[in-house]
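In what follows, chain A forms one complex with chain B and a second complex with chain C.
Coming up: the complex of A and B.
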């Protein structure tokens, strides 16, 4: 009797496992990736490695910053004024020199640098630690250098936030929808429980446009292909001394600052 | 064999119902967290891992500690551990379940967690952590259950388990190494970025886990008169003492490196822990409690006279568990995020939700432990090996 029951339980257990395993395999093979948005468009902007130069001399007044930040938030449905400020979402924002470039500050910093503020955004690193640590490839590096997010694959483990040494990633602690005014219908509002960040407006590049912040920057932000020696951004980099954030970590940021 | 868990005293059933009640209440809080999102926790964009991941880290250590019994018994034939080893293996099972529970409640999208298997990503340490934790869970269930079953039928332990037992020894080291690798390879997290992280994890695991095991075994002994073996406890408490000394030594190595080098990034978090920084010092009380409990536990455990006194041993072990828990289950994980990458301090404290949901997971682990130990002790008593 006892051994019969044991046998039954064993068979039942094995069958359940097989059923589960089979189910997972079947559903995996039934998965059809959505290819609509990735199809080649004639106007699409292409690059070997997208990068950005922040000309900090052109960001002096509050208005200079707000114009750029607002353009980003409106385009990408970035929530504003969340209930808990420490849980806020940030794509592009500003901070003081010693916070943007920790380790580069000194007690006798030029007044212009000390008093000014600087834009921060995802660096779209060449060696992104966030991509290295992500357990599901929900964040990955595209061929054009953009560190992309798949909001539908992200499990919300926040390992990428621990991995990013620039604080560029935010987690949707709550449903962001109520905090997005004037939703842009062309771009998804994220769901609660996933990580998000600046994506260099990949959706606008598809349409042949510049990222929203660049367009609104009055020349303060220069965007282009770092791999193309003849590009405008490379010319700007040739002619100006630029610095990047925390280069000693080996992440190779693609965002440069003229200070 | 499992039916032994259904045959218990009133106290046994009262305990089971108590645990189920905690799980029930905790799950209400978890359902609210599922609906509202992790906004109900104290975590933030700066401190993006908190109490949950810290508990996970601590209990990986507790799980790994079973090897401190398995290794002397099976590699060095120390027969005095034969009563206790089954308790250790079953405690490992319960601990791994606790670990997995804490990972799941920490996820923002838990219904997608199988994505880790669907899109296997060998460059992520979390991928390996999933493998080693699942493997360790299975190894311990299979080994402990089959050995116990053989004893129950008064047959020798099955031969085919031998290689699995050796594997489980290596595997125990791997689970804690991989968990350390989870955090020690991240650029820009200065508190975590040092080579001795894995060794310190192991040292702290090999003292805290067996300490918890001894205390739980003594509680079980009170209720069931099952003798874990005086000699086993004596030797195990020696192992605990050595492991704690190693743990403290490695911690002092960290302090030396940070403060002698005088590199701000390496000092910042430690200074925040012990003295506060930029007007923030929420963890100072805990940090000094850790120091006090750690020193006192060693003062009790190092002299053999106090270590071999059952009451003193108990005090020493409780202090040791407190010190190691504050270290790994409270400070270490949160400390990696303080200060944030811009050098700004955002403090963290768990909310009532986090504590209630954690209580739910602890209760689940204790329930599994109770049932498995009930079976084990029931079998051992039946075959007259008490």
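Coming up: the complex of A and C.
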């Protein structure tokens, strides 16, 4: 056979080109997403910056707290009753004044404040440290101010938990699914190795509803657009003295407390 | 050619080994697409069946990004109909059984998507399973 180096190289080159070309055209023609195939839901509620006011005067009894917490946990499939405290998943919970507002615990504090508990949730900061540290952008800031989580992207590195000064984030050390009773079929659960937190019920805002906790609060929680000077929440803020958690850190929380 | 006999024998053995999967499965039953339980009360999916069979995985992957990250939650089909982009609320509303629909093909093709690590499958009441 008259095969030589030159011919061999020619054949090899042509074959490689064919192979490459074929591969590229194949992968390009496989799936074409339809560009105009999606749109926003007409019922979607919009805001410049969603915020919340917690009227602590309306959270006096255990029942007041439980009603709100249960509404959240049922809606968002938050696990309850884990074996160890470290496995507790917090979306909305309660604690005493000195833990909620450290540095503000004066001696001789008013009895009502000293003895009562306060509702806690993610502050949806304007300047969220958890977003800054997330290496995969699984946590990010939405245009309407919600600090959103894309659970699909979370790799469970827990940087955000170290970054959040409010302890609003919890890590799933074990599969949370068995600890969720009566799962809400409209919302997912999370899996082991994923961080989770309150998302201001973004899925309910899509449907034009209030977050579940607000709906269950009997007016104890006021939810609205902080950027709109005519909104109900801004009116409440104008008429009442409010405080926020750890303001000196510069995170600009969007959750206000009437004490 | 030196050692032609040895080389050719070696080549034949090599080719036989290489083609093992082909001649080994000769005469055995070929792959059959599993029988899926189709929704009782609707005739067609959001796009035509062939397209869905080929592209549902990319479609769902697109949906999850668009819904969570871009804030759009309505899918407009090529026919112009509108559906919520939701695995749990839209897909499983018609395909009421994960085991009789999703799992059948996925098991046969030995693929293991992790959708159901988090998403809640409709309760398998009929089979007494969950």
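Just so we're on the same page, the second predicted complex is superposed on the first by the 220 of 259 C-alpha atoms of A that agree within 3 Å, B and C clash if a C-alpha of one lies under 4 Å from a C-alpha of the other, contacts with A are read in each partner's own complex, and residues count from 1 in each chain.
Going forward, a contact is a pair of C-beta atoms (placed from the backbone, for glycine too) under 8 Å apart; a residue touches a chain by one contact, two chains touch by 3 or more.
Keep in mind the model is a prediction, meaning the values are calculated, not measured.
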Just chain B (first), just chain C (second), both, or neither: which does A:251 touch? first
Please work out whether A:188 is in contact with chain B alone, chain C alone, both, or neither, and reply first, second, both or neither. second
With both structures placed on chain A, which of the two partners, chain B or chain C, ends up touching more residues of chain A? B
For A:170, using the defined touch cut-off, is the partner it touches chain B, chain C, both, or neither? Pick first, second, both or neither. first
Just to be sure I read the superposition right, which of the two partners does A:44 touch: chain B = first, chain C = second, or both, or neither? second
Based on the superposed arrangement, let me know which partner A:154 touches: chain B (first), chain C (second), both, or neither? first
Looking at the overlay, does A:142 come into contact with chain B only (first), chain C only (second), both, or neither? second
Partner chain in contact with A:77 - chain B first, chain C second, else both or neither: second
Quick check on my understanding: which residues of chain A belong to both its chain B contact set and its chain C contact set? 191, 194
Show which residues of chain B lie in contact with chain A when the two form their complex. 36-39, 41, 43-46, 48-49, 103, 106-110, 112-119, 121, 123-127, 130, 182-183, 186-189, 264-265, 336-337, 340-344, 346
Chain A-touching residues of chain C, taken from the complex the two chains share: 55, 58-59, 62, 64, 66, 68-78, 84-86, 88-89, 114, 117-120, 122
Taking the complex as given, what residues does chain A use to touch chain C? 31, 33-34, 36-41, 44, 77, 140, 142-143, 148, 150-152, 183-191, 194, 206
Of chain A, residues touching chain B in the complex: 24, 28, 83-84, 86-90, 95, 98-100, 102-103, 129, 132-138, 153-159, 161-167, 169-175, 191-195, 246, 249-251
